[in-house]
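Okay, so subunit A shows up in both of these, paired with subunit B first and subunit C after.
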Partner chain A sequence: MAGLSIRSITKRFGDTEVLRGVTLDVADAEFVSLVGPSGCGKSTLLRIIAGLEDPTSGEIEIGASIVTGTRAADRNLSMVFQSYALYPHLTVAENIAVPLRMRSLSAAQRLPFVGPFLPGAKEQRTEIASAVQNAAEMLEIGALLDRKPGQLSGGQRQRVALGRALVREPAAFLLDEPLSNLDAKLRVQTRAEIAQLHRRLNATFIYVTHDQVEAMTMSDRIAVMMGGEILQCDAPSVIYEDPNDIRVAEFIGSPKINILPVELGHSEMTLFGLVLARVAEASKAGVYHLGLRPEALKLTQAEPMITGTVAHLENLGSEVYAQVALADQTARVTLRATPAERHSLRLGAQVSMSFDLQDALIFDVDGTRQRRVEVALSNEREVA
Partner chain B sequence: MTRDIWKHLILVIGAIIVLAPFYMMLSYSFKSPGEIDRGTGGFFGRQEMMVDERCVQLRDPNRDEIAAAAPQYPGKSDREIRDAIMEEAAVACAMRPVVFNYTKAFIEAPLLRYLLNGVIVTVSIFVIQVLVALPAAYALAKLKFWGREAVFGLVLFCLLIPVHAIALPLYIILAKVGLTNTYAALVVPWTISVFGIFLMRQFFMTVPDDLIDAARMDGMTEFAIVWRVMLPTAVPALLAFAIFSIVAHWNDYFWPRIVVTGSRDLFTPPLGLREFKGDADGSFFGPMMATATIIVTPLIVAFLVAQRRFIEGITLTGMK
Partner chain C sequence: MAVIDAPVAARTSREVNRQARTAWGLTTPALALMFLILLVPVVVAGVLSFTNYSLGNSSFDWVGFKNYDRLLSRSTYEKMFIATFTYVVVVVPVSVALGLGAALLVNSLGRIGDVYKTIYFLPVMATLLAMAIVWEFMLHPTIGVINQTLELSCGTFLEAIRFFGNGCADGFPLWLGDRDYAIWVLCFIGVWQGFGFNMVLYLAGLTGVHRELYHAAEMDGVKSAWERFRLVTWPALGPTTVFVVTISCIRAFQVFDTVEAFWPQGGGPNKSTYVMMFAIFEKGVQQNLIGIGSAITMLFLVFVMFLTLIQRWLVERKVHY
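After this line comes the complex of A and B, so read on.
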């Protein structure tokens, strides 16, 4: 077990820059998710950590030693692939045993026919067999050990791939979208199991996914990647509640955060012409983005801040999401309502909403979070 | 319905065209020379007892032998003794045509020796071809290196070179090295099969990269990946290649004819057919066809056994 540190890694394929100076430190036993839309470079970063791809520049450090340029096999990392990548000609037990066989048996001991009779081979082989047995029991695939991968279901293959990764004690586990080939129900179940596995093994995990729910539910920290950069790396709650960048705010959270244009004058902030708040110390005047999570919007009768008609309803049972087309605007906002409020939400119904400015996130036109403006707004409120 | 009939009619005609030579071969291998010449006797021939003229001639006694045999025929002239011996010989040399043809094939030509040579040569060629083609195909399909496309272009180019065009230079090289009339001469020129490299490369392209990456993570070297991961997954393609390679070299008449000039110990099965090639005393079609039947039988049996996987390998489907 060891920590990992990635220092200003860049990677180019020809003229396209896939990674632009990524720096990330992962502590020992930490679970870090790399999350981002497809093509953001997260898988490339994982492959560079694994040693399957060489970075154009930058360094990778595992434990206390720099491994840039070291072969994948010598980095002592385990990887679980999206396609599981099990050896189709080997049984489950043999598949799981491969990393141990390649490491603990000498080339001569691995030979067919002769190998098992060489001195020391027998002890090694019993050790490997018991390690395989342990791994299989941990993942509850003990009954499948004699089958070939072709005879297994997707979920079972996934477990075998996990077994092959954890049968030895690597410095870190790298997981490349391991759940994306599973059906929705199994995905939720396996998600919990991987999180438990992390706790039990107390090992370093680096988990690549495009699914923000996976990242939110499993990780100690989430690194949100876009365009070859890490935009923000923080605990899931911080990423959700306190994003640094509008792209992070938009990527994390489902349904998506509502973004509304606001105008900041010298002394006040307006939304569609309505004065939201007064600002004491004027920041740079201009157009800003106001970010509101669906749960920040509340249905109200008195002093509505925004009004509109319900354009689409999604009832999930425990909650209701309503898309509201704003009056005189092209934008729609998504509102989360409790089932109790459902009666007031019908398609085409007029609704009025308000929100607490404390729940609002303010970004400038480039998408950078403007905490100073938020502070200024709240100070003003206290004064008032 | 009528369309089906046409379809089958065309297929039947095609099958007849393909099978007719085999039918002739098998039929001739059963018949007596007379039946072959006259074209009578149906498929199996009448299988009447026939006398092997050469066998009888070999038993024609000379003066000493007649003298030695004289005590057995008291009171007979030399001429009568000879006639008696010749009569016995005719009885001893009488046999069914099918027995005649096949015993000739094995006795006149050392066919077992030829078959053994055939096995040695084709198996060595195939094994070395695989040893060369698999790593080469792996590199061309899965490793990134400078000039890979150019190398693959050369491989494709080599596919276009007909064997006969380079036969003479090859022969001269082997002769200069002093390798003619050895197994090496039969094997070495075929050990690098560009067709094998090409076929395996196309197959390896379909093997997912993740599998190779997983093997690297598991601590395998590139060579270990070739033999422990790629080889087992490529068995269907290898079988297809095996059939192409073995059929081609088992049946090859041209190359062994060129490099094996002296010793019959190195003859491969097709060269065995020459034993019955008609010289002054006419062709022995019966034994020749019996030899041909014996030569093709192992291939047909092997094909029938491996048929399903062979077709799998050629179409390269069923693998993901």
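After this line comes the complex of A and C, so read on.
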């Protein structure tokens, strides 16, 4: 087990720059998720860490030694591939045993007919067999050990691929969208298994996914990647509640955060002409973005801040999401309501909403978070 | 209910019948052609192999197993079997191994690979009959390039090797005219001509190897090229290999044009290259002994059938790919 550090990695394929100076430090035994939209370079970064691809520039350090020139087989990492990559001619047991056979048996001991009779081979082989058995039981594929990958379902193959990675104790585990092909139920189940495994093995994990629920539920920290850069790497709650960038705020959270344009004058902030707050300190005037999570919006009768008509309803049982088309505006906002409030939400119904300015995130036009403006706003409220 | 059901059932069964009749009607031309073109000739050959028929004769006698008996007892046919099996046993493994090796090398190259691919495939595309003339020139005992090149070694350290020593003293082999060498020359040309084809088949097989498997192997600690080949490439090429071996076997059993070009009379020095196809041609066409020719043909078909069955069995065993 060891920590990892990735230092200003860039990667170019011809003219296209896929990674632009990615820097990330992963502590020993930490679980870090890499999330981001399709094509942002997650797999490429993972493959560079693994050593399957060379970076154009930058360095990778595993456990305190720089491994940039080291070949993948010598980096002592385990990887689960997006496509499983199981050996089709080997049984499940043989598949899981491959990394152990390759690393603990000598070339002579691996020979097909003579190998098993060489000195020391027998003990090694029984050791490998019991390690395989343990890994299989942990992943509940003990009954499948004699099957070939072609005879397994997608979820079972997934677990075999995990088993092959987890049978060893490498410096770190690299998982590339390991749950992407599972059905919803199996995905939740395997997600829990992986999280449990992480706690039990106390190992370093780098987990690539484009599913933010996976990232939110499993990780110690989430690194949000976009366009070949890491925008923010923080604990899941920080990423959700306190994003540094409007792209992070928009990517994390489902349904998406509501973004509304606000105008900051010399002494007040207005939303669609309505004065939201007064500002004492002269902040930079101009147009800003106001980010509001769906749960920050509340239905209200008195003193509404925004009004509109319900355009679409999604009832999830425990909660209701309503898309509200704002009056006189093209924008829509999403609102989360409790089932108790459902009666007032009917398609086409008029609703009035308000929110607490404290729950709002303010970004400038470039998308950077403006914490100073937020502080100025809340100071003003305290004074008032 | 029953009252309603009965006519419905009758109607459906009539419907099914009509469909079946149409289906048979539509398949009939194909079936007829298959029988006429593929099966009837085989059956005719099988029947003729029990007769002493000659083309042009108005009648023939049934001779029972006499033709087959002759095949198994005469020394000419013993030589035929020896020549054929030597050829198959040498050419198949060597051309398959060379084809695989060439495919792996060509595959590991980038652009230049295409050039090699074309060069290795040239002998396959060229007519063997035309190429045979070139080989005949090269193998000529006195003015051929090969013996002239070998003679350059005379007077050098190479003479210490027995082959060169003897060659310099008594003259280098006659190649096509030498009964010890003729079959090996035939084999060599067979390999030269055939391995390009196997290479192309293997190249096609290699494109089907999942690239990520190599990466998985690397992550699993596979470091040497040999281990990588054993763990990923060779198993993935299993179905291709079965196919390549079968095709090579059948092609090797069918060798004819080289023999016909080099030794139009009688199948090489001392019948050392008297292969089956040539025997069929000589007996059945040149000497008009249709009965014996058919018997050899039947034997040939049995070998090929046997190979095909082995191939099917192997492929089915690997169905879980």
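Everything below uses one rule, namely that the second predicted complex is superposed on the first by the 384 of 384 C-alpha atoms of A that agree within 3 Å, B and C clash if a C-alpha of one lies under 4 Å from a C-alpha of the other, contacts with A are read in each partner's own complex, and residues count from 1 in each chain.
Following the convention adopted for this analysis, a residue touches a chain if its C-beta (ideal position, glycine included) is under 8 Å from a C-beta of that chain, and two chains touch if they have at least 3 such contacts.
Quantities reported herein were computed from a predicted structural model and do not represent experimental measurements.
Because the two structures share subunit A, they can be overlaid on it, and in that overlay subunit B clashes with subunit C. With both structures placed on the common chain, the touch criterion links A:102 to subunit B and to subunit C. When the two structures are aligned on the shared chain, A:151 is found in touch with subunit C, with no touch to subunit B. Residue contacts after overlaying the shared chain place A:327 against neither subunit B nor subunit C. In the superposition on chain A, A:274 makes contact with neither subunit B nor subunit C.
Of the two partner chains, neither subunit B nor subunit C is touched by A:375. Of the two partner chains placed around the shared chain by superposition, neither subunit B nor subunit C is touched by A:192.
When the shared chain is aligned, no partner comes close enough to touch A:347: not subunit B, not subunit C. In the superposed model, A:85 lies in contact with both subunit B and subunit C. Within the superposed arrangement, the part of subunit C that overlaps subunit B, taken from 3-11, 165-173 or 273-281, is 273-281. Residue overlap on subunit A between the subunit B contacts of one complex and the subunit C contacts of the other covers 47, 50-52, 71-73, 77-79, 81, 83, 85-90, 98-99, 102-103, 164. Residues 47, 50-52, 71-74, 77-79, 81, 83, 85-90, 98-99, 102-103, 107, 110, 148, 150-151, 164 of subunit A are the ones touching subunit C in the complex. Taken together, the subunit A residues at the contact with subunit B in this complex read 47, 50-52, 71-73, 77-79, 81-90, 98-99, 102-103, 164.
The part of subunit B that touches subunit A in the complex is made up of residues 208, 210-211, 213-221, 224, 229, 232-233, 235. Put simply, subunit C touches subunit A in their complex at residues 210, 212-213, 215-224, 227, 231-232, 235-236, 238, 318, 320-321.
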